[in-house]
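Shared between the two complexes below is chain A, which pairs with chain B and chain C, respectively.
Showing the complex of A and B:
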């Protein structure tokens, strides 16, 4: 049952040991990616095996083997595979691709896999700490750059605070019910849902705040832009995609598998978090000139839309939230993939204006970035549009028309900063980096990277393909919950 | 009727509150750390009252014995700065507001007797188990999985700490190479030069 986790753990330790002698980042990354492929295979095999033999979806009250766990694990593994593949050249170039770097990424994957099938508060919390701790260290992996250290310390302190709040909430709920395992706890909470005590609602609020910190939604978002800016790009991609899926998995486990009977407590709070995140994310992103900071605010806004689906607390709403999460992850992956391909040793792309005239130099990369931006903005016929449309449809079905209108109006505000990037790429002229060296332009390829380019194209293509034919994916998401 | 247990409880918890307050009010960092030690000891005694003798001793061993000792070393090595002046603390009104809010929330909860109503008291057990055995039993059977995971967590913490502090061997680092020293022979080190004495010159 623990074969996928075992493979990841084994691979992490092997990489840690071989990394002592082996300094070839490409080989280490290859090893890590190979182990992730094996993990995917193992996940699928175990799922089909347990499905065929009708095995119990719960193992000794600690471990879920249900559809949610399967889907979350598979998405975490696939995005981790993409993130590692896209970041190989960058890590080599920035000289951070040591054995420890890849070992820590695999340990983070392990923590995420644990979180995805946690059926007990203890397992959930240890898994959460495992992947958080690994990511704190990864953020600081360029330890000679002060902005990276600053980001890591901020992330560490806010993350520790969030974990503390989460733990406090868990202890309050444990104190009120005497249960730590999810399945009996949910039954107990269902019984006392109407006459719940203040102790329980206080615990629920603490848990919600802790998860909101991890997910990076307003008003607990202050760390997000600094960490996106300060972390190395490959680690930032990690935080923006895989860690977000893991945070969503925690959200599903806590709100859907435990606290669903107490929806009357947390639904209004989640509504507030959702609307505030959409507002803060979309308006603050307009003022950003740094590409990574802009993506950070964009992620805050997207998490807001996600929570807008979550607050409905029905099976189909959770499915739509999962669909939205996938569309956000693919869109962000595509956008950052292009930026990762464009890092040149003379010119890091930090500012949005560094992308001036990308279309003239690299028309294909410009097109992929255009797809990503249109998808994140929610322009048909791309995947982002379908996801937003599903959420709005769900809100209207549940008679929450006010929320739907607010969300859509703020989406229009948000479209500005996505479209500005497209304007910079397509309509601005190339600007030499340094007047003394007129032949070096900022958007230059780091190196010819066929695999990473193919991966970026694959992400961009899937945005278009899934946008036009979303039925399969949507059907898949609907079957999960 | 106040029993002896209540007497113990109230005296220990008032000392706990007082020493915790002292941690943040005392100016000298070393004294603050020592007060923190005192509050850990008091918390351990509270646990002892709850008949949780294993946890109480672990708290003393781990926190007082290991963590706070390390902490004291670090504080003593840092230059003591008197930076904790009240005038510089600009966020005080906001902190006071937050404090009042939380305190009123706490009193609201106390008034509804939610915390006091369900006060924990040790169950009268006549089992042959001791607390330590019970914890060990549950730790290695029911909670074996999270226990193993904590092991991995500690490994990650160690790897991360080493990665962040190890900067590689410095180029100009001085060190002995024992092999080279042992293999050294007279021919490598000693060079005989013929220098004519001054007397022969003339």
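Showing the complex of A and C:
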């Protein structure tokens, strides 16, 4: 039952040990990705095996083997595989592709897998800390760049505060009920749902704050732009995609598998967090000139939309939230994949204006970036549109028309900064590398990266394909909950 | 015999010709394009002849064919259907005949034009739209044809769109017609609201019921529904048929090529308004008020617009004012319920007015596109065929017996004289004086153009010469009906019954049937009627007009300088065209412009752009900047915000806020 986690752990230790001697980054990356492939295979095999033999979805009140765990794990593994594959070239020329980078990555994956299956507060917390600590270290992997160190420190300290609040909330709940395992705790909470004490309410709020921090939801979002900007691009992608899925897994476990009976406590708070996030994310993104900071605010806004579905606290709403999460992850993956492909030792793409005239240099990459921006902005017929539409439909069905209208109006505001990228890449002129030498442009193709290019194309294509044929994916999400 | 295939063929052939000449014109070349367009139009003409033969000699019953349902919305059904009765067949005949001749004429007239194929395509398209208009069995289809001819008229007036005056004339025609169309649309909307259908049959079946309805306006004023509908429909007809005060576009339309002026702005499209009034006779006959309005507006236009023709110097504009005046006669006839006389004058006018326009075109060709009659003169010897045919056309226009115009116009004046409806006497005086004015401006034009001494520079190398046969042949072919049509057909067309040959198609108010019976009983055969001309007032008014023109412009031109001061009040009024144009320019155009400027600057720029569009964007940008400032970058501040948010969440729950 722990084979996937075992594979990841084994691979992490092997890379950690061999990485001391072995300096061939390509080999290390290959090993890490191979282990992830094996993990994926193992996850699928175990799921089919347990499904065929009707094994129990709960193992000794500590470990879930249900649909949610399976979906979360598989998504984390696939995304991690993509993130590693896309970053190979970048990590090489940034000199961060050493053994500990891949070992830390795999430890983070291990923590995320644990979180996805956790059925006990302590297991959950251990998994959470495992992947958080690994990511803190990853953010600082360019130890000669001060902005990276600053980001890591900020992330670590604020993260510590959030973890402390989460742990505090867990202890309050424990104090009130004497339970740490999810299944009996949920039964107890169901019984006392109407007559809950202040202790439990405070516990729930503290837990919510901890999770909101991990998701990067306003007003616990302050770390997000700084860390996105300061971290190396491949690590930023890591935080923006896999870590967000893991945070969503925690959200599902805590709010759906434990605190669902106490919806009356946390639903209004989540509503507030959701609307504030959409407002802050969409408006603050407009003022950004740095691409990574812009993506940071974009992620804040997207997490807001996600919470807007979550606060409905019904099975179908959680399914839609999962669908939205997938659409956000694929969109962000695509956008960052293009930027990663464009990175060059001598020509960093940091500012939005660095993308000027991209269409003239790389029409295909420009088109893929266009797909990503349209999807994130929610333009039909892309996946992002379907996801937003599902959420709005759900809100309207639940009579929350005011929220639906607010969300859509702020989406219009948000469309501005996505469309600005498109304007810059399609309608602005190519900027010379050095203003003093007006005829020298960045090199046409930086380095041939066939695998990463195919991956980027795959992501962009899936945005379009799933946007036009969303039924299968939506059906799949509906069966999870 | 089944009439339907002929009708459908007559409709589709010009459309096909238009599409071929329009889209395949470059491929086919000039010759093939005009051959195809003319050939297909000849097919349509033959179909019309067949239909007319069936109606005229075989007395075939009317055909009301429901083609297919075009559009359904709740209880509203709009169909494509055809109504082939005597009225529509007569109109089809006129449209296809004149169109065919004008097509042939255009081979010569447009010979040097680079957009030759486009011209033929537009003309065939016009024929198609006009046929749709006259064969429709419901008002929406009529409206489709109505707008179709309006569109092609716009395209053809602006055919030489690089000439600013042509482009402006096209605008003017289109915009003024919109005013009329607005009335027409309101009328159709009222019909739809009260009848629930737009097909002729249910509308006419309910005509008696409509005549009894009233609608209440503000302050409780009650208005008869039928009068309101008819006046609204008549506003549409005024736009299309250039009745005062919506006539201002027709003089400007003369900027188009001359064949177009003959086809569209003399013979066919401008008569669509008369057709509409006659077609809607069951409604108009329910409203004496509407009939009086039609009569008075028509008669006023017949006199006043003819008067303007006296001071014009452009050969085409004179004929254009004459057209408006004659349309006034037709409207007056319709107003007096003499519907068959109106249609009869429509037909004879189509022949002789097309003849005059094409003759004018021939003169313009010979004079190398000089249109000012003061620079012509003495063309008789250079253009013998044009001279004779133009003389025939002029005689028909001024209604000299035995030319066709005499029978139609005399019938109208007589009918209006007898008509016992409000405004009848006034209309009679207008029409009578109009006869004098018509003769005066027609023969002024004629004498100045063809007689006297040449006032152009005679260049021995390039003397004016007769046009090629494609140009003069249509003139000859049109001269024949201009002479014979009236004398041959008048008895059967007008004087058989109060409704005339149109019979069941039109409906006359019972109160007016008596006077119409008196009117037709005064007719004792064509030859007696011709001989009787000398005992009737209109004839002498006409003779007086011709004589005046002869004396003033040919025998003693010095009299003009002596008695007619160029700046006397009357000629100033006439030259200003009663101030309609300057009124439109200064009040309506300027008013609309300043209003739109107001809306643009205050409503659009200030309120929408600055306030809502840019304003909201500006606010959001400010908000974004403000939020950016919140992101200080200090770790302690971040922790403070987190802790504060946590405390606020807790406090909210406890109920501190």
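Following the convention adopted for this analysis, the second predicted complex is superposed on the first by the 471 of 481 C-alpha atoms of A that agree within 3 Å, B and C clash if a C-alpha of one lies under 4 Å from a C-alpha of the other, contacts with A are read in each partner's own complex, and residues count from 1 in each chain.
Just so we're on the same page, a residue touches a chain if its C-beta (ideal position, glycine included) is under 8 Å from a C-beta of that chain, and two chains touch if they have at least 3 such contacts.
Keep in mind that what you see is a predicted model, and the values were worked out from it rather than measured.
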Partner chain(s) touched by A:186 [first = chain B, second = chain C, both, neither]: neither
Of the partners chain B and chain C, which touch A:209 in the superposed model: first, second, both, neither? second
Using the superposition on chain A described above, determine whether A:198 touches chain B (first), chain C (second), both, or neither. both
Tell me the contact category for A:458 with respect to chain B and chain C: first, second, both or neither. neither
Once the shared chain is lined up, is A:74 touching chain B (first), chain C (second), both, or neither of them? neither
Looking at the overlay, does A:14 come into contact with chain B only (first), chain C only (second), both, or neither? neither
Quick one: classify A:22 as touching chain B (first), chain C (second), both or neither. neither
Chain C-contacting residues of chain A that also contact chain B: 198, 202
Write out the stretch or stretches of chain A touching chain B in their complex. 9, 16, 60, 62-63, 98, 100-101, 103-104, 107, 110, 114, 120, 122-123, 126-127, 129-130, 133-134, 136-137, 140-141, 143, 175-176, 197-199, 202
Contact footprint of chain A on chain B as seen in their complex: 108-109, 112, 114-115, 118, 142-143, 145-146, 149-150, 152-153, 155-157, 159-160, 162-164, 167
So, in the complex, the side of chain C touching chain A is made of residues 617, 620-621, 623-625, 627-628, 631, 633, 635, 637-639, 641-643, 645-646, 649-650, 652-654
Within the complex, which stretch of chain A touches chain C? 153-154, 157-158, 161-162, 165, 198, 201-202, 205-206, 208-209, 213, 219-220, 222-223, 225-226, 265, 269, 280, 283-288, 413, 416
